[in-house]
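Below: one structure in structure tokens.
Chain IDs A, B, C, D and E follow the sequence of writing; residue 1 opens each chain.
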Amino acid sequence: MRLSRKLLALPNLDSHLRGVGNRKEKPPGHPPGMLVHVGERRADRVSIRAMAYNADSAEEVEIEDPEQCLRFAGTRGITWIQVAGLHDPEPIRKLGEAFGIHPLIQEDILNTRSRPKIEEFDDYIFVVAKLLRHDQEADTVEAQQFSLLFLPDGSVLTFLEVSSPVFEPVLQRIRSGAGRIRRWGADYLAWALLDTVIDHYYSVADAIDESLLDHEDLFHDNPRALEPSDLYQLKKEASALHRLVRPIRDITTVLHRSESSLLTPALRPYLRDLHDHALHLLEQTEDLRENAASLRDFYLSEASNRMNGIMKVLTCFSTIFLPLTFLVGVYGMNFAHMPELGLVWAYPALWGIFALISAAMFLFFRKKDWL
Amino acid sequence: MRLSRKLLALPNLDSHLRGVGNRKEKPPGHPPGMLVHVGERRADRVSIRAMAYNADSAEEVEIEDPEQCLRFAGTRGITWIQVAGLHDPEPIRKLGEAFGIHPLIQEDILNTRSRPKIEEFDDYIFVVAKLLRHDQEADTVEAQQFSLLFLPDGSVLTFLEVSSPVFEPVLQRIRSGAGRIRRWGADYLAWALLDTVIDHYYSVADAIDESLLDHEDLFHDNPRALEPSDLYQLKKEASALHRLVRPIRDITTVLHRSESSLLTPALRPYLRDLHDHALHLLEQTEDLRENAASLRDFYLSEASNRMNGIMKVLTCFSTIFLPLTFLVGVYGMNFAHMPELGLVWAYPALWGIFALISAAMFLFFRKKDWL
Amino acid sequence: MRLSRKLLALPNLDSHLRGVGNRKEKPPGHPPGMLVHVGERRADRVSIRAMAYNADSAEEVEIEDPEQCLRFAGTRGITWIQVAGLHDPEPIRKLGEAFGIHPLIQEDILNTRSRPKIEEFDDYIFVVAKLLRHDQEADTVEAQQFSLLFLPDGSVLTFLEVSSPVFEPVLQRIRSGAGRIRRWGADYLAWALLDTVIDHYYSVADAIDESLLDHEDLFHDNPRALEPSDLYQLKKEASALHRLVRPIRDITTVLHRSESSLLTPALRPYLRDLHDHALHLLEQTEDLRENAASLRDFYLSEASNRMNGIMKVLTCFSTIFLPLTFLVGVYGMNFAHMPELGLVWAYPALWGIFALISAAMFLFFRKKDWL
Amino acid sequence: MRLSRKLLALPNLDSHLRGVGNRKEKPPGHPPGMLVHVGERRADRVSIRAMAYNADSAEEVEIEDPEQCLRFAGTRGITWIQVAGLHDPEPIRKLGEAFGIHPLIQEDILNTRSRPKIEEFDDYIFVVAKLLRHDQEADTVEAQQFSLLFLPDGSVLTFLEVSSPVFEPVLQRIRSGAGRIRRWGADYLAWALLDTVIDHYYSVADAIDESLLDHEDLFHDNPRALEPSDLYQLKKEASALHRLVRPIRDITTVLHRSESSLLTPALRPYLRDLHDHALHLLEQTEDLRENAASLRDFYLSEASNRMNGIMKVLTCFSTIFLPLTFLVGVYGMNFAHMPELGLVWAYPALWGIFALISAAMFLFFRKKDWL
Amino acid sequence: MRLSRKLLALPNLDSHLRGVGNRKEKPPGHPPGMLVHVGERRADRVSIRAMAYNADSAEEVEIEDPEQCLRFAGTRGITWIQVAGLHDPEPIRKLGEAFGIHPLIQEDILNTRSRPKIEEFDDYIFVVAKLLRHDQEADTVEAQQFSLLFLPDGSVLTFLEVSSPVFEPVLQRIRSGAGRIRRWGADYLAWALLDTVIDHYYSVADAIDESLLDHEDLFHDNPRALEPSDLYQLKKEASALHRLVRPIRDITTVLHRSESSLLTPALRPYLRDLHDHALHLLEQTEDLRENAASLRDFYLSEASNRMNGIMKVLTCFSTIFLPLTFLVGVYGMNFAHMPELGLVWAYPALWGIFALISAAMFLFFRKKDWL
């Protein structure tokens, strides 16, 4: 059960990511800064939820008008504004104006096909990345655009194409006040969100690795049941993931070395830890790629090996029958004068000769290691 | 329909680029700075159009004598002089003298086979690149040399081998006064032109990617319909595009890090964005190359797989007939004393033996997974 | 004997390391700094042994309560606290609090799947790596997490998943007072431990190399006895080791260039030596990888070569029989008028023709170098 | 005609360069600075020609005694001393002493197998490179050692193994006084010579590219006419050229970044241009290598494809005859009781069966896409 | 003759180097600085020869007690102490103490398996490398450990595993007083020794290159005589040499950039020259590797090509006989009513049909280019 399920794991990570990550559908020559949503519409409506908290209390509201955000942002020390739905540029534009975000950044938020990156400005930090989520039940991977703006007034703005349960544990920690999250600053919140994003990359990498291990097991148990196209699929998925992780590593490198005044010194070890995870993830996906390629090579050489073995056996078999068939042909000839034909013991003797020839050739092939 | 059209997409990108980009036809030892057009003649006459504008108004003229350009350039804040046609060195020389351009730069403008690059001088910036344009109807790619000179007096000079509709949207934006273009400086115009150039690279990359996806679909639906030479062609096109994008990335890197006084600070985010696009494009073309190579490898291994499968079946089939043919030969022999020949039930019994042998071998091959 | 043993060497290094090194089983979104053991439980109980020594004397105790450690650490100049067993976070937390270790470091110690790395803080140095040990008798490789904390008060804390005889020689040198170890500082102890770790990597590399040499010998003596899966296994093991050594090199690079005040100048040559060993090891594992890949390629090409040779011989053989079988068929025909059939010498003459044809074809194949 | 000529192009570039570039035949332990010619003797006698010029006039003399050079060098502003023939160390030694050249440089001039490089001294610049020349008529490439010394007194010394028409255009420009060459300094002369050297690399690269294009055309027209050894030859030539260009790029990088007082600021754009050409050349030769490798891969896969197709057709054909031949064997048996044999319509009916079986199998193979 | 000799050239360079270079046989956890010889014993006794010289005179002595060295070192300006034999740590320890060498360096001298490297201390420079020597008569390569200590008092200490004629020419030059060697300082001596070491690498590279050329010739003359294992051997030897040269390049890079006060400015050009040779050597060995790999690839593709050609011919041949054999079977059937059998001209007519079928199929195969 587990096997057949796993063999179908992540069937479309590569094609999905490729569709998501590789196109830029703005028409060439389009004026910059004119906000346009690029990508497919994935949410019904734009939802904005805001969470304001400090060490003492936390409050969550659903916000209708983006312009209310700024007011709400002042109520407690730290505010997290969660926007889900990017098909409508208007709320983004309003939020951007309210918080003083550069038009190009607004454009990047709306372009769900932009490259994962970090941009440090004097007064805010902008991160855009893919958010992956491995749905364990359906065994599929959801990918969507995730952007994060971290502002000096203690506001963190996150933008998703469609709402996702990914950040639920962080929300829970804020609500319950467990751990450091309520006591530390907004930079800690930003870090916690990015850490969660990377954790989800790990679970996707693990899913691919598990699928790879299942295929390796299957290869050892029943090589013929292995579909070469699965191996290519695995390799493509591992490559696709690796290509997604590379820019994540670049993002954490910048954060880790950042001297931005927005990041408090106490956060440094956490950023180093984040960078470490990104490096680890990069190595892991590299290993995945290498392992997938190695399994495919092994499969190919095994297949060709098995094929060669079969051909050899069958050819040897044919070769043994060649002289026998020749001989029976000889004594099927209609010459008037074939002295052997009249001998009483000729027929059984010939069977003896057949046996001798077969045995001799069989032994010869054996000795030569051809059979 | 779509498929067959796509399979013919971009049939000559590689060979065209190779012809364009790889030759330097100046005879060895030719004196430098003596202006000679290198390349094939692609326009009937040299056309010079000039567009002068400021925030309030815009004026376009057709210029006959290159020496008038300098005068026209003073009429409004920003002037864009568009030269199309490089087969005649004279206008370039005159423009070069009028605007004080180094003879080697004039030579580079005329040499339609020079390497894409950027050169920053104290008083102007020079960019030369290939301009690609994917003609969606003919499904062909036009490539030509594009050079841009950005001067401190607010003039931008562009040089093309032959006029092209590529920059029409920018012209429209200037004419209509929409967006920032009329309000910002000449550096914004230069940026807008380069951004347009890169946008067109994207559309070429998308065309190759679409063709690749079509081939992948075709491979899954009907592998035999796939021509291996198409796969090689795709790989070559992806490589050719990738090689063209590499120097574009170098150009945007220089611009992005430039400390030239010609570039206003407000343009920095735009240059960063441009650099970002170039990086993204480079990654995308790298992925294209990898995907094309991977599809070709997959195709090859599938073809060899299928071949092996066929050979195996046919060989097993042959092998089953070997002992049967031997046996019928045996009973075709003319020995005087072959007791079996006289038995009434021998002939039907032999058919039984034939059936037994065939079935046994068939089952054996099945069990061994050879059939 | 030796051969068959060697062919089974290190059967599961790769899979073990992969299981150990590649997973991060903290649930996504888990709050950081909340100490959780990640990995499988490998020891029954947490054992803490402490060794305090100076140039004059050395004392070893078994410590029950982690909080006693700090007190014991003051008794002599240098203290080495050895913790074995990481399944219970409590002792680590207590030690961490007593010695003032950052919660993220405590977390790294407990996470037996964290990436090998070094972290230099103002007041301590933290190293985490895999500890490999080649058990020569069982011919297996044990891998476990090893972490080392080096504190400015002369304490060195080491953490293992399960106790191991690896550091026994160092303990012996401290007990006996031989060499410099008792006279030098705690930094020398830390160095001696890391040097021992690297020495054990060498012995694993040597074991793989020996196995590789055995396979090369086997290949030359009896290529058919070679299992291609063994070659893939060797390549995977060499790759796995290489991937483990890379971060070790990064660790020694940092140590070698460190300007930490915790490291006395007299230790510099030793750290350079350590770095040298890591570089050497990295080159050796790279060579191992290359040699394993090369042996596999050679095997594949030899196998295909041998196969081709066999097919050629058998096909030539078949081809010789083709005209003979045709001829015997001809004289088996039942035409009323076949003049040859009545000739007395026809039958022996035909045998002569058979011999002629066979010989001619054999010589032809020989001349053409096909046989 | 053109094709067959081209297919033989550059037959020995690789082997020639390998012989020239890879050996150092000084016996090991040979004392340095003791001048010995390394390489084969290629000129009958050492010829020294000198050209002295300034903006007003130019004078050329044949010099017998190397010691006269220094005196002649003072006559006009700029002196170009051309030495052809390196088999005799004496003139080099005398020139070296006269102009104050370090003994190791003298040795490098004489060692026709030294590595292309540039050395900047306080008072002179030394460049050594291979001079390639594509002889279009014989379609061969001549390679020889070229060294250039550029001295602060306005002297440029060039050394060749044998005189060559390569620098004739530069001589012509000096003689005629055309262009800048007579008006600018000795650094411009040195630049003009190096530019000529690189131009000749371009023509060799173009010759290889043309040969490659011819082979690609041939491959598409008549793949069987393609010799695989030609493809390997092309790949080796492209690699050999690429390896020669790499140090050229290093030389131009040093010149381009040089802060030597020997190079006037006005020359900077020219050195940048030179560097640009070297980079372009490097990319072009890299592309050549890649294209040659790609053509070879394509050829191999096509050959194996064609082979597989043939085998498939022939095997299907054989398989169709198997059951037919079995059946005719059956009715050739001599059993006493074979009821079919007596039926009048049995023989024509059997032909019908033969036709049916053949048709069925043919259709089956067709349907399976095996034929 | 030359060929067969060459084909056996350097049969064990790789395995020798691998044995020498890859093992570290110190038991893990061994205390550092305790001097132990690592490697196999290659000399009977430790021999110490000393050569003291200045511009005026030179004196050579055989030294019994290592402690005399220091005294002898003071007699003239420059002293070269040559130690041959490393199996006994005692003399090394005494020399080390006398000249004030760090214990880790003493250990490196004794460890004949340490990595080639250079270490610059304030008061001495230490170089360890492999010394290769191509014995032209036996066509074998001797490899041994070579270490060099260069001290500020004008002493140069060299250590070999076993005495070798390699440095004889340098000794000769000192004895005879020819060239600069007696007039220049101890740094010049150290340089001369390293230059000699590199010269011997060249001769090994040349031997491999010659063997490669011989194989290429053999491949063109008689491909079947080529042993694929020879090609693998060549590739391994080229790789092994390349791996040895890499650290040599690192050593010369350090020397070339060194700012050590031990190296006089006059030596700079010589060190640059040395570095140049190392770079050249590295490129040459890289080319060797590439050429060996390319020859192997070519061989493989040629072998598969030839094989395919043979199979094709033989299969066509078989296919021609298929219908013929079927036909003779038909007329061997025993049906009572086969009208053809009674016709007088049927038998000769059938022979005509045989000829027709054969010819038609032959022509068909020819036309299809299958034969």
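Here, contacts are C-beta pairs under 8 Å (C-beta built on N, C-alpha and C of every residue); 3 or more make two chains touch, one makes a residue touch a chain.
These numbers come from a predicted model, not from an experiment.
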Chain A and chain B, separation of their C-alpha mean positions in angstrom: 27
Where chain B and chain E are represented by their mean Cα positions, the distance between them in whole Å: 43
Touching two or more other chains - residues of chain E: 304, 311, 315, 318, 325, 329, 332-334, 338
Graph class of chain-chain contacts, one of line, ring, star, complete, other: ring
Successive chains around the closed ring, taking chain A as origin and chain B next: A, B, D, E, C
Residues of chain B that touch chain A when the two form their complex: 166-170, 173, 178-181, 192, 195-196, 199-200, 202-203, 205-206, 209, 269-270, 272-273, 276-277, 279-280, 283-284, 287, 290-291, 294, 298, 301-302, 304-305, 308, 311-312, 315-316, 318-319, 322-323, 325-326, 329-330, 332-338, 368-370
Residues of chain A touching chain B in the complex: 18, 22-24, 26-34, 102, 104, 114-115, 117, 119, 224, 228-229, 232, 235-236, 239, 243, 300, 303-304, 307, 310-311, 314-315, 317-318, 321, 324-325, 328-329, 331-334, 338, 340-344, 346-347, 350
